[in-house]
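Heads up: the structure comes next, in C-alpha cells.
In this document, chain identifiers A, B, C and D correspond to the written order of the chains, with residue numbering beginning at 1 in each.
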C-alpha cells in the first residue's frame, strides 16, 4: 500500500517542485500562471493518489472535482487580471510589476 | 437556520446583477446593507441563545433525505460571525458614498457579499476541505476587489497577492491530504479523534509546517507577509478595511487556531513556533510601519504587527492568553477597519495618501480626525480604549506563563506602535493646514456614519470591556482552551 | 456613606469633563461656575471621605482575580483630599488665566478628566483598575501639552507621551511579575520579600512610579513642557498631581507591597536615585534663564528629596518624604501659578526682561516670595520642616553622603530662587515691560491660598503631621513604638538644623557675590562665567586661582553645572530623541529595501520560511 | 503499474516542457497534453468522473482560456528569461528528484494511518450526500469567478 502511495506522492512532489521553480525563475506573467497550474496538477494528483492508496477513492474523487472547479474560477480571475495588466503596461514582464515597494 | 449566514449573502449576490439593471444605485445599496444588517442582528441577538446549550450542529435534509450539509456554531465561530457582520456592515455603509465613482455598484456588492459568504462559510465549516473551499471563495472575490479600481497599483497588487496566495493554499490542500491519508476522514471531530489515536509526531510536524505556510500567508505573518502591504493599500478603502479587519483574521488566524488548537492539539513545539512567528511579525512590521509615508501602507504594516500580537497571545495556549489574543483580534478588526475607512475619507477629500503632503486636516475634517484618533489610540493601546485591554491581557498572560522575554518585546513594540500612530495623526491632522486643502470638506454622510459607528464601538468596548469579554470573548476562548475535546466531545454527528 | 459613594470622585469629574466640553462657547460663565461648583463638591467630599476613612467598594469584574476594587483608607483619603484641594485652586485660576485662549474648553475638560483618572488611580485596590486609570492620564497629558500651541508643542507632547509611556509599560511589567510572585492582584493583600524576581518587579514598578513623579532619567520632557505647555498645566500636572500620584505609588511600593529594610540594596538604590536627582537637577536649574524652565528643573530636583526620604526606609525619613510631597505640591504649584500671573501681565517669563515688579504686582510678589522661601527651606516655613525630617532620616540611615547631597541641593535651590526672585520682583524696572497691573483676583487668590498654606504647614506643623502623615506610618513601626515627629519640627538648635541654616546663609552670600560681580544684574548673578569658551575658562581659572579661591569655587561649580547640563542632561535627551530615532530609522531602512516589489523575492521568503518552520517544529517535536 | 508509471513520467515531462518552451502557445498546448495524461491516470485509478472533469475542463476549458489570453496579449513580445535560471533550475530540479526518490519512501513509511474500511455506496451518493457542503462551496466559487471577471472587464464610466 505504501508503494502505491509513494508512487503518486513522488510524482506529485516533483510537479509541485517544478511549478515552484518556474514561479521563482520565469518572468512572463502567463508562464508564471502556467507554473501555478503545474502546482495545481501536483496537488490534485496528491489528493487522488492519497485517496486511492488509502481506499477512499470516492471521497477523493469528489474533492478533486471541487478542486478543479475552484481552479477554473481562479484561472478566469487570474487571466482577467493579466489581460488588464497588459492593457496598462503593454508588457507581460513581471519585472515591470515592482512599483509597489518599501 | 445558521446556514442563512452562507446562503443569504449568496442569494442576494446572485440577484444583485439583475437588480442592478433596474436600479443602478439605490437598490443595490439598500439590499446589500440590509442583508448585512440582518446578519448582524441575527448574530448579535439570536446567536447567544442558540449556543446557550452547547454548540449548535446543523444537518439539513435535501429533498426529504438527510444530507451531509453540516455546519457547526460554537462560541468561537459565533464570535467571528459577529466580528464579520459588524465590520462588514460598517464597510458596506461606507461604500454607499465611497464606491459612487467606481461604477458598477451592483457588481461590487455582489463580489462583496460573496466574500462575506465565503468568510461565514469558513467560520461555520466542520470539515477540513470545506475550510479550504470557503477560503478560496473569499480569496477569489478579494483578488477582484483589490483590483476593483483597475488602476496600475491595484492590478499589480492583486496579481502578486493572487500568485502568492495560490501557493499558500496549495500547501494547505497538501496538508489536508496528509491528514486525510492518515485518518481517512476530513471531518474535524473524526480527524481530531483519529490523530489522537495515531499519536503521529514528526509527520504531523510537516503537516503543521504546510498549514503554517498556508494560513500564515493568509494571516500575513512575517516572512509570509509580503503581499499584504501591496494589496491592502491599493484596494478601495472599504475593501482595505475588510481585508485588514476580517479576511486575514478569518482565513488566517481563525483557520489556523481552529486546526492547531482544536484538531492537532497545541503541542509545546507548535506553541513555541506560533509565539516566535507572532513576535517576529510584531517587531519587524512595526519598524516597517515607522518608515512609511503612505498612510494606508503604514496601516497595512501595522496590521501585520497587530496580527503578530494576536498570534502571540493565542500561541501561549493558556486561557488568559487565548482570551487576550481573541479580544485583540476583535479590537483590531474594529480599529483597523475604522482607520482604513478614515484613510479612505482623507484620500477622497485630498486625493493623496502621502502623509507629508497632508497636515492640519483636523480643521477641515473634524469628525474624521476625531474618529481616526480613536482608532489610532485604540490600536496603540491607550486606555480607556479597547486595544489597551487586549494588549494588557496578552502581556499579563505572557508574564504569567513564564515568557518574560516575549512580554518585554510586546511592551517595547507597543511603545513603537504608539510612536508611529502619533506620527501619522500629527502629520495628517494636526499642525498647520496645508493651503492646498483649504477647500477640503468633511466626508459625506454615510462615510461619516460608518466611521463614527466604529469609533463609538471602540470607546464603548473599552469602557464596557468586562461585559464584552464575558459575553463574547470568554465562550470563544473556552472552546479553544478546551483543545481537541471541544470538537471530539460534542461535535460528533 | 455607602461603598458606592466611592464612585463619585471618579464619575463626577468624568461627567463634568464631557459637559464642559460640550457646553457652547457663549456660555462661558455657566461653564466656569459649573467647573468651580464641581470642584467644590469634590473638595467637600474629600473632607467627608477623610473623616470616614474606611470604605471598600468591590465588584467582580473579569474573573481570574481581577475585581473592580476601590479602597478608601487613611493614605488614599489623604491624597484624595489633596487632589481635590489642588483641583479647585487650579480651576479658579484657569477661569482667569485661560480666558479667551484657544481650546480653552478643551483644557478645562482635560483638567477634570485628569482628576477623574487620578482619583481612580488613588482609590484602586487592584492592579488592573490601577493600570487603567494610570494609563488614562497619558491621554490628558498629551492633550494638555498640545494646547500650549507653540510650534514645538506637538513634538514635546509626543516626547512626554513616549517617555511616560515607557515608564508606564515597565510598571505594567513589574505589576505582572509581582502578580505572579504574590499570586493576587489585590493591592491590600500584597506584601512580599524583595528578593529574586520580586526585586526585579520592585525596580520595574519603581521606574513607573518615579517616572510619573519626574525623577531622573525620565525627566527630560518636563523642562521642554515648561516652555511649550500652558503654565497652568505645569502647576497642575508636573507640580501637583503627578508628584502626588507618583510618590503615593512609590510609598505604597516601598511600604506595603515590598518589605524594604533600612540599609538593604534596594533602599540604597532608591536613595542614590534621589540624591542624584537632587544634585544634578538643581545644578541645571541654576543656569536657566527662563523662569518656567528654572521652575521645571526644580520640580525635578525636589522629587529627589521625596525619593531620598522614602528610600531611607526609616520612619522619620519616610514621613519627611511624604510631608515634602504635599509641601512641594503646594509651593511648586504656587510658584508656577505666580509665573503664570507674571506672564499673564507682562507676556514673558525671561528673567532678563523682568524686574522690579513688586510695586506693580505686590500680591503675586508676596505669594512668590513665600513659596520661594518655602521651597528653599527657610525657617519657619513648611519646606524647612520636611527637609529637616529628610536630613534626619538620611543621617540615621548611616550614609552621610546622602545627607550631604541633600544639603548641596538646599544651597543651590536657595541661590537660584534668590536669583529668580531678585530679578523679577526686586531691583530695577526694565524697559521691555510696560506698566502693569496686578492680575485678576481669580489668579491671585489661589496663589495666596497656597502661600498661606505654606506658612500654616510650617508654623503649625503639628496639624498636618498628626492629622495626615503620622497615621500613614502607624502600621509600619515596631509595635508599641509611637510615631511622633513633631518634636524635630522647628527646633533650630540642633546640629542638623544649624547646618541647614548655614547652607542657606552660604547660598545668600553666593548670590550676593555673583550679583555684585556681574554688575548688579540679578539675572546674571549665578553665571558670571558660564558663556566663555572652555579655553578661556581654563585660562581664567589658572590666572585667578591664586587671588580668588572663592571665585574659583564658584566657577568650578558653574562649569560643573554647565558640563552636567551638556554632559548628562542633554545626552539623556539625545538618547531619547536621536539614538532611538536614528537606529529605528536605520533598521527600518534596511527592512524597506528588502521589500523591493519583486514577486520571486517574496515567494522565496515564503519558501525559506516554510523550510525553517518545518525544521524548527520537527526539532522541537523530538 | 508500469503503464501507470510511464503515464506519470509523461505527465511530469509535459508539465516541465510547458514551463520551458519559449513559445507561449506551445506551452499552453503542452500543459493541455499534461492534463490529458492526468485525466487518463485518474481513469486508471478508478476515478472516472475526476478523469472526465480533468480532461474536459482543465485540458479543454482552461486551455481555451489560456489561448484566448495569449491571443489578446499579442503573444507578448520577447521577454528575456534569465540565462542563469535556465541552467541552474534544471539542476535543482534533478537534485530535488533524487532527494525525493531517496527520502519520500522512508518518510511515507513513517506515516501512521488508521485502517479504513471499504467505502460503501456509489460516487453519486458520496458527492451528493457526504460532500454536499462542497457543492454549496462550488456554487459560491463559480459566483465569485463570474463576478470577478465581470468586474475586471467592466466598462469604466470615466477615465481615471
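Just a few scattered comments:
Just so it is clear, contacts are C-beta pairs under 8 Å (C-beta built on N, C-alpha and C of every residue); 3 or more make two chains touch, one makes a residue touch a chain.
Remember, predicted model here, so these are calculated numbers, not experimental data.
Centroid analysis (C-alpha atoms only) places C farthest from subunit B.
Centre-to-centre spacing of subunit A and subunit C amounts to 65 Å, using the average Cα coordinate of each chain.
Measuring from the averaged C-alpha position of subunit A to that of subunit D gives a distance of 6 Å.
Subunit D has its Cα centroid 30 Å from the Cα centroid of subunit B.
Averaging C-alpha coordinates per chain places the centre of subunit A 26 Å away from that of subunit B. Touching two or more other chains at once are residues 592, 595, 597, 599, 603 of subunit C. The set of subunit A residues touching two or more other chains comprises 5, 20, 23-25, 32, 51, 54-56, 59-60, 63, 66, 70, 73-74, 77, 80-82, 84, 97, 99-100, 102. Touching of two or more other chains is recorded for residues 129, 133, 136, 140, 143-144, 147, 150, 160, 163, 167, 178, 181, 184, 202, 229-230, 291 of subunit B. Contact between chains, per the stated criterion, is found for A-B, A-C, A-D, B-C, B-D. Of all the residues in subunit B, the ones that touch subunit C in their complex are 160, 163-164, 167-168, 171, 201-202, 204-206, 208-210, 212-213, 216-217, 223-224, 226-227, 229-230, 267-270, 272-273, 276-277, 284, 287-288, 290-291, 320, 377, 382-384, 388, 392, 395-396, 398-400, 404, 407-408, 411-412, 414-416, 418-419, 422-423, 426, 430-431, 466, 469-470, 474.
Those residues of subunit B whose C-beta lies close enough to touch subunit D in the complex are 6-7, 10, 13-14, 17, 60, 62, 65, 67-71, 101, 103-104, 107-108, 110-111, 114-115, 117-118, 121, 125-127, 129-130, 133-134, 136-137, 140-141, 143-145, 147-151, 178, 181-184, 194, 197-200, 202-203.
Residues of subunit B touching subunit A in their complex: 129, 133, 136, 140, 143-144, 147, 150, 152-153, 155-160, 162-163, 166-167, 170, 173-174, 177-178, 180-181, 184, 186, 229-230, 233-234, 291-292, 297. Only residues 2, 5-11, 13-15, 17-19, 21-22, 24-28, 30-31, 34-35, 37-38, 41, 44-45, 48-49, 51-52, 54-66, 68-77, 79-84, 86, 91-93 of subunit A touch subunit D when the two sit together in their complex. Taken in their complex, subunit C has these residues touching subunit A: 592-593, 595-600, 603-604, 607.
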